Structure formats: structure tokens, C-alpha cells
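Every chain is named by a letter (A, B, C and D) in the order it is written, and numbering of its residues begins at 1.
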Amino acid sequence: MSVLLETKAVVKQFGEFRAVDRVDFRVQEGEVLALIGSNGAGKTTLVNLISGLLTADEGHILFRGHDVTKQPVKERIRAGIARSFQLVNLFDQLSALDNVALAIFSRQGKTRRLLSLADADRPVWQEATDVLALFRLDAHARTLAGGLSQGERKLLDVAIAYALKPKLLFLDEPTSGVGTREKAPIMDTIVSVVRSEGISAAIIEHDMDVVFSYSDRIVAMHQGTILADGTPDQIRRDEKVLTTLIGTPEPPRPSQGGG
Amino acid sequence: MDIALIHVFNALLYASVLFLIAGGLSLIYGVMRIVNLAHGNLYAFGAYVSAWIIGYLSTSVAVGEAGSGAPTWVLLALLPAGALAAAAAGALLEPTLLRPFYKRAEEYQLLVTFGLLMIIDDVIRFLWGPYPLSASVVFENFGSVTVGDTLYPTYNFLVIGVGALAAVFLWAFIYRTRFGVVLRATSQDMRMSAALGVNVNRVYVQAFTLGCFMAGLGGAIIVPSQSAVLGMGVDALILSFIVVVIGGLGSLEGALLGALIVGVVREAGITWFPEVELAVLYLMAAAVLLVRPAGLFGRA
Amino acid sequence: MSTVTTVVIPARSPIRRLWYAAPVLAVLLVLPWVAEQYQTILLAYGLVMAIAAIGFNLLLGYTGLLSFGHSAYFGVGAYAVALMVKYLGVVSMELHLLGAIAASVLVTAIFGIACVRYTRIFFSILTMALSQVLWSLAFKFFWVTGGTDGLRVPTPTLLGVVTGKGDKTAFLVHQYYYYVLGVFLVCVAIMWVIVNSPFGRALQAIRDNETRAQFVGIPIWRYRWVAFMLSGVFTGVAGALWVPLNGLTTPDILHWTFSGKIVFMAVLGGFRTFVGPIVGAVVYNYLESYAVGYTVYWQLFLGVILVVLVLSLPTGIVGTAERLMARRRGPR
Amino acid sequence: MAEVNRRDFLSGLGVTVGTALTALPGVLPSVGVAHAQDKPKGNIPDTPFKIGHMTFFTGAAAVLGEPMYKGQLLAAEEINAQGGLLGKRKIEILKADENAGTDANVKELRRLKLSEKIDFFCGITSSGNTPALGPVAEELKVLTIFVDGCTDFLFDKAVPNPHYIFRITNMQSADGVTGAVAAAMTWPRTKRIAHIHPDYSYGRNAFDHFRIVMKKMVPGAETVSEAWPKLGTTDFSSHITKTIAAKPDLLAISVWGGDYVAFYKQALRYGMFDKMHVASMIAFGVAPHAIGKDHPEGIIAGVHSNYHFTYPGGDKWPYNKTFVEKYHKRFNEYPNFQAEGGYTATYMLKTAIDKANHLAGGWPEDDAIISVLEGLMMAAPAGYVYIRPDNHQGYKDAITGFSKNVAEYPFPILDPNRIITIPIRNITAPPGWPKGEPTSTYTWIDKTWPQVAMAAEPAKAPGAARPATPAPAKKQ
């Protein structure tokens, strides 16, 4: 396995507060990785830096060997970095199908087309339909995104990111706000798609059951730095992680708070 | 030298009234996130009510009493009637017309206040007819003072004083009273305040009423030296827009600074570059928005 | 997961809806021959304003930006025509339209750069402030613009052959009405394609969720800027078409209250739908004209309508009609 | 250009000061007086005669619009009381609000003609609206008399060859010229002139014409300050301060209506009237009763469109006396120039219809009415009005005067003993004069008026340099 993404000593400062403090973080090709840590540990900030929502104050981010630290979001997407959001971000007044199709149009550089009908582009709709089917949303193709259930919205959010054909997919708490019973089916769907396509995925997650059962590797963050990095087994036995993060016999509750 | 001093007084006079109007607009936006396009018309409403009362007392009542009507101090005491009337109108409008819109998109709030603007315009015309209303007897009774070798209307100092007092009073009110704390908290985070037991509906109606009171006070205090005319509301609205855009929507300090800037620039514009006086104010507002969209004091 | 799925063509397939337009078009075509002259002229106004309103709605309805400064682009179109007449002696309507398009591209490109970085109330106020700058310039530079007297614009030549010499009322009711109708149909067709193009979808995505749109790779500001220009150009074309109807350009049409009218139209018809602003423009035109004719309290009347509308029918005429029709058909 | 002395100049212009009204030339048709009239000839339909009356019913200019409407209403009521036009057709007035904006006004005029089928269009206050509505009225072929909307632009450029439209107010240029002539003869040693004018075409025209006349009549006087308050301004502090700072001896001002009331009240408190002479183009024209007794006396208080209800006063001109009485009785206020204009326009129409009927019988065609209106000279409350055939513009002699408080009225009026009148033909461009920029009258004055010789007047003010050749002083 080769390195897909690498951050070198990235720093992000919010006023006095260092949200990300000289972090070296690495994602291998084809792996499913989990980012864990308590609220404010810097997980989401790190993802924001890599995906381009925020710009790093210091350090470098390399994607497939190229420096993307200062690149605009659009370029990073073209390079193959996509993400979903913890608070689902959809185009609520468009149908589920449109949501996915938009990502495909964008990927193919077709959103610049002013004077051609979107509906006439059959290959795009074919692909969008397929993507929805992959995420088991085909029954809701015509439903407005705003009318979907929370679990469906979570899936659709990932489906949009997936439709961009990324090499690396960041999933920011894909099961937060979803009932316990729904979590497993959602994760099953997402992970099976990701694995079958050979996409690398980095999942931010609070639910330790989810973390341990779906990831190849776990990176634990604490106060803006990386606390531990290893396989689920290694992390499970890691003293530092146990005392600072898990602390109690029970796993931390799946909270709504961000990193 | 004395002319320079008078220029300063003029700028302060203009700024005082603008601060009252724009301060009210800004306060309402700060707390409720509503830009009230009808705000200028509440200023006009205040001016009309005061002019109407003063005009009535200084002529009709006084017919028997050899010329001058009620004594100046009585008229002066009644001057704030316009402010109270505007406040009452505000207290009536907020729960009935604005409350349904807080959960809706901003464009609806703009539109409903735009409709209100048209309505109040015609209501004023319906109530007081097309002719200007004057309350000049108060202005006249104050006479003039000598500044250098030029006269200056004494009443203008009262207006400047009221503007300054209003600024101090509001500052104390917002930073030194319990109500001020609640107001600021609500403006920071409405949901959080509601969760902490603040009656948001009540805060909103109070803030809106206070904002309208300020607009009405602006109208009431200035009407003796000018007059109440149809169409004065829209003009005032545009000017106070410029003020809050420069100072920062939602910020009282910003409204004060913005009013001073506009007062000075207008005075300078009329005196030295009358050709572009109007455009300069708009360009200034646009320029500030470009550089600092939230205004000089804005936090958004 | 690799089972073959059937393609789902979007449900609201807009092409099918064209059939609804056919009877309306038929009415529009025969109107000058059956209705009284005034009705035809009023409708010509309505169609002109409808072009402005669909232009405006590309921003409000599709991009989620409420402009309170569209009077600027309407005015730029109108003044471009008037200045072409004054300084170049151009009388051809086609050249007028081209000039208006060029001028509004120029102005919206500059204004757009400034405005598209902002959303919500800041966008509204900035557009309003910029339109007021133009208004005050038209007002102050009277030696160029005629100030409050305005600039007189004679009847233009249509397609190089039709001139309005002689009876201007007949010209407006027939030749010019059909000319406006033609331009209107072209504009509607172009706008309809735009909003149904991939670009149009991208704008709607920006409207619904700016951040997410950014993360599917859409350059937000640039697309907003393009939408801003397109929107302004349509409104500018409307301004140019309006000039022969009014015969004169005055600073009135640059004032922000004129922008308010355009907003009113879009909301009246319903800005969530494509045809809403068209219906709204035509209906508003009737409302205003008859209100002004019948009562001096026309402002009150319009104000009450606006307030009632946003209070109880926020989706406008078309939105409400659609809802009622959907209810009659029953839940599917 | 020839130099003349000012006294010759003024007598050349035909300027008179005093109480006299030009002698009555016998048999002119006159308004408001029921005089013996032939029975109408031919068949007259009894369908109502519809007048579309558009003026400001809302907005700041309603102070002008309401009286205009009332003037017409009064005339219509009187005519209807006698059975209507030609004894048969009752007048019906359809009101329309001018404040809706030019765009809506044009539409409304079309509606009135095409849908309501009005027979006659009247009204209009704003000078921004006649250039818009004039051409539309022509294109709709609707007989029109504009009461105001006094911009020279209308007949100079917007409708250079009118057929259906007429206008009975004086043009804007006349206001500036009249004010300047009055100021030049009253204060001939003026050296420094300040201006305050509303920032739109009326104000700019007043400024231009005041300046060109002063250039001819008071050589050496310079403009030391200009202030351009927006129409609707009520805070004049800055404009007043600027003006005072420039130390002028004369202020020319054309601010009107509520704006003027606010202005003079503020100017009083700044002591402005003690520091300079003031010549206004329009001070007492708009709302005479709105001016208080505190208004300074002795300023030139112009009246737009040459009408103040106190002049011609008393029994000298019964038309005005009865008009003022009737108007006051009906509306409990005194008429301004707009009221007189609305009233006179209606009677002018009636006169033309009567005459046209007399000539041809039956209800006259519009073209017959138009041919009577062209060149019509009529006695109206304001004096004689003459419609010049070439440009359809109404002309009446210009008047202005000096503010004075009298016992009869609770507001100041024009000093009845010092009314200044100027025959209108002497201060407007004659027929055939090429259209000019900014106005034809401006270029006409510039090109044809002689220049008053410098120092042709003695200086009376102590300390002023005495001119080398003393000339007889003009009575001020």
C-alpha cells in the first residue's frame, strides 16, 4: 500500500486556541480509517484543512505527492478528495436524484453549460440512478432531499461525495443523529461501497462500536495532536487512549458536538 | 472661525437626528435580525403626531388668549408625544405583523416591511392630508444665540442635546441594566436565551418598541425646526441605511459613528462639493460594504 | 449492488409542461385583434416587466439572492437606448437591444464583482446602495442624462423596416406588441433553458447549500457572478423594450423603489416557480394600473396586498395554484 | 453689444411698478362670469364630458396638486350648474395620482384615453412629467391642457410641434427672468450673489435665467455661492451656513412649498435676512396660507405662474375677486396658482368649445376646438392669458412683488402698492427663435438683450465708491 495523503506538521490556530497542532497524518491507499477523539480534539478541523474548507496556517498537505496546501476546494476535488458533513448538507429543494446528478455534472465539468438541458443528458442520469441504487436510495430518487429521513439524508450526503469519484473520502460522523438501529445498515452500505471501489476513507466517529467494527486503522486525536495511531486491536489496548478518551468502561456517547 | 463652529453644530444637529433614527433601526436589527423598511415612516409618524399636537395647542386653543398659545414649556413637555405614538405603533405592529416571520426567510421580512412602508405612507396622508404640518412655534420661541458675529438657532442645541442624551442613556440602558443584559444575550443567541428562560417574544416586542420610540423621538424633536411633510420617511430611511451600513448593522456604537460621519460628510458635501453630495454618501456606503461588509463596528 | 437499474428521468420533466403554454400563447397572439387597445398596451408592459422579473428571479428564485437594486439594470438598459439616440442617432430597435445588453453586461460585471461575495441582507443592501449611486448620477449629471426631465426617445425602427411614423398607438398595439412578444418568447425560452441547464442546477445547489455546492466542486462566486450578469442583462433588455412604451427615460426607474416593484412582482407570482414571476409581472401591472386609476390610496392598497400575500400566500399565485391543483388531484 | 443705462432698459422691457392693471380691452371672453351667451347651435349630445385630471394627490407635491384639482372641480361644478358644456354635456372628472411615477402615469393616461375614453386631459404638476405625458397625449390624440409641469423642455424639445397639447402656466424660464429683473431694479448695486435652488430642472432653470439676466443688467455681479438642496429637504442649516459664509448681498432662491416654509423659519433664526437681500422666484406661489406672519417683509416674494390671489386686487379685476370668493367659500382656503390654473384651463376649454360651436354648430371636433385655442386671448382671474399658436404655450404678464403683512390676512401677501409687472412678450423668446440650450429664452436673452453699462447707477450706500458720471437714481 502506498501513501495517498500526508500532512506534515499542519497547524491551525483560532485566536489563542490551537485546534490542530503540528499534526502528521497519513492515509494509505485503499484503507478505511477512523478518526476518533473527544469534542474539540481537532478531528473536524483537520478534515476541514485537508478538504479545503479551512487553510492551514503552517505545514504542508500532500495528496498523491502533490502539495495541495493552498489549493482551492475545486482543485482538491478534481485531484480526488471528497467529503461529507457532520451536519448533513444537501440541496434540499432538489430531488435526491438531482443531488447526485449535480455532483456528476460538476465532475464532468458540465455545470458551465448554460444552454443545454440537464435532463437531456442521459448518461448522467443513468449514472446518478446507479449511484442512488448503490446507496439503496433508488426508491427515493424523486423525493426532495429536504423530505428524506435523517438516515437517508446521511446516505445521500455520502452518495453525493461518492459521485465525485474520489480517491479519498472523508466522512464526518456519518451516523450522528441517527437512531441506533439504523447505524449498522448505514455503515454497511457505505463501507461496502467504499471497499468495493477501492476508495480510501477516513471516518470521524464517536460510536466506538462503529469505529472498531468498520475500520482498518484508527487514529486518535487529543487537544490538536495525534495521541495514538494503530489497528483497532492496538488502540483497544492503548493505555493513553483508554485513560484520555474512553476513560470509562462505556464508550463515549455519540454526541452532536464537532471536533 | 465662528463659521467653522457653526458647520460643526450643523453636522452635530444632523447627526443627532440620524442617530436616533438609525440607532433604532440598528437596535431592531441587532436583536431581531429584521431590517425594517418601514422604519423611516415611523420617524415620519412621530413627526406628524408631535406637529399635530403642538400645532393644535399653539393655535386653536389659544385663539382667545391674545396671540400666543400654550406656554413653551407645555409644548415642550408634549413634544415627546410623537415618540410615544411611534412606540405604541411599534408595540402593535411587532406581534401582529412581524412575529409570524421570524422563522421564515429574510426576504419575507423585507417584503412585509416594504408593504408596511406603503401602508403607513398612505395612512399618514389619510390622517393629516397633503399639506405640511408645522410645529415651528417651539422653534421660534427658543430664539437664537450669537456665535461670533452670526446667529444660531437655540433650539438646535436642544436637538443636539437630546441626541447626545439618547446615546448616553441607551449605552447605560444596554450595558448597565438587567434588561440590557437580556437584550444583548438575545441578540447573541436567541435560542440559548430562550433555553435560559428568557421570554423571547417579550424581548422582541420591547426591542421593537424601543427602536420605534427612537425613530419617533427623532421625528418629534426635529419637527419644530423643520416640518412634517409627506415622503419624509423614505428619505430618512435611505439616510439611516447609509448610517447603519457604514457603522455596522446591529451596532449602536456603529450607528453613532455612522451618524457622525454622515453628518460631517453631508455638511462638507453641501459646502464644498454640492455636485456630487448625494452620490458621495451612497458611494461611501458601498465602499464600506465592500471593504467591511459588516460595517465598521459590525460583528456579523 | 451491480444489478442493472432503470434510469429515472426527473419527474418534473419540463418539456411536457410546454403544452400548457400553447393556449396561453394563442391568446397572446390574437389579443391585439380582439381586445381593446389599452388592454394590449398594458399587456405589452406586462410582458416587458415579465422579462425583468424572470431576470430578477434567476437571482432570487434560483440562486437565493434577493436583489433590491434591479432598478439599476433596468435603468441601464433604458438609458443606454436614450444615450444611443442622443449621441449616435441610432433608431434601430435591434441596435438598441444590443446596446442595452452591452451596457448591462458592463455594469453588472462590475457591480457583480462587488456583490456576489455577500448573501442575505448584505447582498440586498449592497445592491440597493449601488443602484442608488446610479440613480444619483442620473439625477446629478443632468447635462448628460437630462436630470429629472429625462431623455426623450423617439419611436424606434423595428427590423429595419417597420417605423412608427403616423399613428403611434396603432404601432404600439400591433407592430410593437408583436415585437415585444417575440423578444419575450425568446427571453423566456433562453431563461428556461438556463434554469434547466446543468448551470441552472448548479445555481439551485448554491441557493440550497453554499458549502455543499462548494464541495461538489462548484466555484460559488464565479457562478453567482455569471448569474448576476445574466439576471441583469435580462432586466436590461426589459429596460430597453420599455423605452418606446414610455417614450422617455427618467431617473424614476433607477430609484430603489422601482426595484421594490420588481421584487413585488416575483413574490406576487411566486418566485419558487419558473412561470411565477411572469404571472406576477402581468398581474402586478394590472393591479397597479387599476389601483392608481381608481383610488388615490393606491399605495395603501398595494401595501395591504403585499402584506397579506407574504402572510398567507407566501408561494404566490402560481405556487398556490399548483398546491390547490395538487390537492384536487389528491395525494399520490 | 450695445450698452444702455438701466432705466432705459427697464422702460424698454415695459416693467411697471404699482397697482395698475393693464387697461381692459373690451370684449374678451372671460371666465367665471355668466355672461349672456347665444344658445348653442345644432344638436348637442347629452353624454357626460369626461376629463381625466392627473395631479399629485399624494407625496410632498400634493400641496400643489390638491388645489389644482379643486380649481378644476370648482369650474366644473359651475359649468354643470348651468347644464354643462354647451348646456348639455355635464363634466365628469376622473382623478389620477401623479405620484405613482412617470411610468405609471404614462400607462394611466393611455388607460384614461383608450379605456375610459376621456374627452379631455388636464392637470400635471411635475416638470418631469409633461415631457413624458406630452408626447403620449399627442400620440393618443387626446386634447390636453397642462396646468403646470412648466419645463421649457416640453415645447423646446419634447414636443416641438404640438397639436393636441397646450399649457397655460408660464414656463420656468419666466420665473428666473422675472425674479432677476425685479432684483436688478430693486438692488442695482448688487455685487455678490448667492443661490439656493432645489436640485431639479425647476431650480436649475431658475439659476440659469437669474444669472443670465443679472449678467446683462448688473454687470460685475458675481456668483459667490451655490447650494442645491434636494427637493423635499427640510433641513437647510448647512445651506444657510454656507450662504452666510459667502457674504453675499443678494440671495436668489427658488425653494418652494413646505421646503420654503422650513427654510425661512430656519433662516430667520440664523439672522440670514438681516445680512442680505432675498429674491425668491416662488415663495408666495405655492401655499400662501402656510407662510407665517414672521416671514420677513420687503423680500422679493415671487409667485410662480404669475398668480397671487390678492392681485389683481379689490374691484379692479372682478374675475379674480369673484374667483377668490367662490373658491374660499367652497374649500375654505385661498387659491394658489394651481387652483387658478385648474379653473382657468377648464374655462378656456369651455370658451373654445362655445366659440367652435358658434362657428360650425353641433359638438365641435377636437380640431375645431384646437384652432380656436390657438391664438385665444382670454381674461382669467390672473389677468389675460394668451395662447401662442406656434408653441401652444400660455402667456400672461409676469408679476412679482414684495412681501408685506397686512391686517386682512393671517399671512403675508405681496405689497399691493409695489407689484412689479412685466409684459411677458418682453421676457420670452419670440416665435421662430431657434431652439436653444439650456432653453430658447436663455439664448434669446444672451444674444439679443443689451448690456447695461457698468457704473451707470449712482451708489447710494455710504462708503461705496461713487461712479464718475452720476445718473438719476431710480426709485426703489
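The working rule: a contact is a pair of C-beta atoms (placed from the backbone, for glycine too) under 8 Å apart; a residue touches a chain by one contact, two chains touch by 3 or more.
On a predicted model such as this, the values are computed, not experimentally measured, just so you know.
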item: Touching chain A and also chain C, the following chains; value: none
item: Chain whose average C-alpha position is farthest from chain B's own; value: A
item: Rounded Å distance between chain A and chain B, as computed from the means of their C-alpha atoms; value: 51
item: Centre-of-Cα separation between chain D and chain A, whole angstrom; value: 77
item: Whole-Å gap separating chain B and chain C, where each centre is the average of the chain's CA atoms; value: 35
item: Separation of chain C from chain D, taking each centre as the mean of its C-alpha atoms, in whole Å; value: 41
item: Interface hub residues of chain C, defined as touching at least two other chains; value: 139-140, 299
item: Of all residues in chain A, the ones touching two or more other chains; value: none
item: Chain B, residues touching no fewer than two other chains; value: 121-122, 125, 278
item: Chain-to-chain touches, reported pairwise for every pair that qualifies; value: A-C, B-C, B-D, C-D
item: For the chain C and chain D complex, residues of the former touching the latter; value: 36-39, 41-42, 45, 139-140, 142, 146-150, 152, 167-169, 242, 245-248, 250, 252-253, 258, 288-289, 292-293, 296, 298-299
item: Chain C to chain B touching residues, read off their complex; value: 60, 66, 68, 114, 117-118, 120-122, 124-126, 128-130, 132-133, 136-137, 139-140, 256-257, 260, 263-264, 267, 297, 299-300, 302-307, 310-311, 314
item: Sites on chain B touched by chain C in the complex; value: 35, 97, 100-101, 104, 106-108, 110-112, 114-119, 121-123, 125-126, 234, 238, 241-242, 245, 249, 275-276, 278-279, 282-283, 285-286, 289-290, 293-294, 300
item: In the complex with chain C, residue positions of chain D that touch it; value: 57-58, 94-97, 100-104, 106-108, 110-116, 126-128, 131-132, 135-136, 139-141, 151, 153, 157-158, 199-201, 204
item: For the chain B and chain D complex, residues of the former touching the latter; value: 3, 6-7, 9-10, 13-14, 121-122, 125, 129-132, 134, 136, 139-140, 143-144, 150-156, 222, 225-227, 229-232, 235, 266-267, 270-271, 274, 277-278
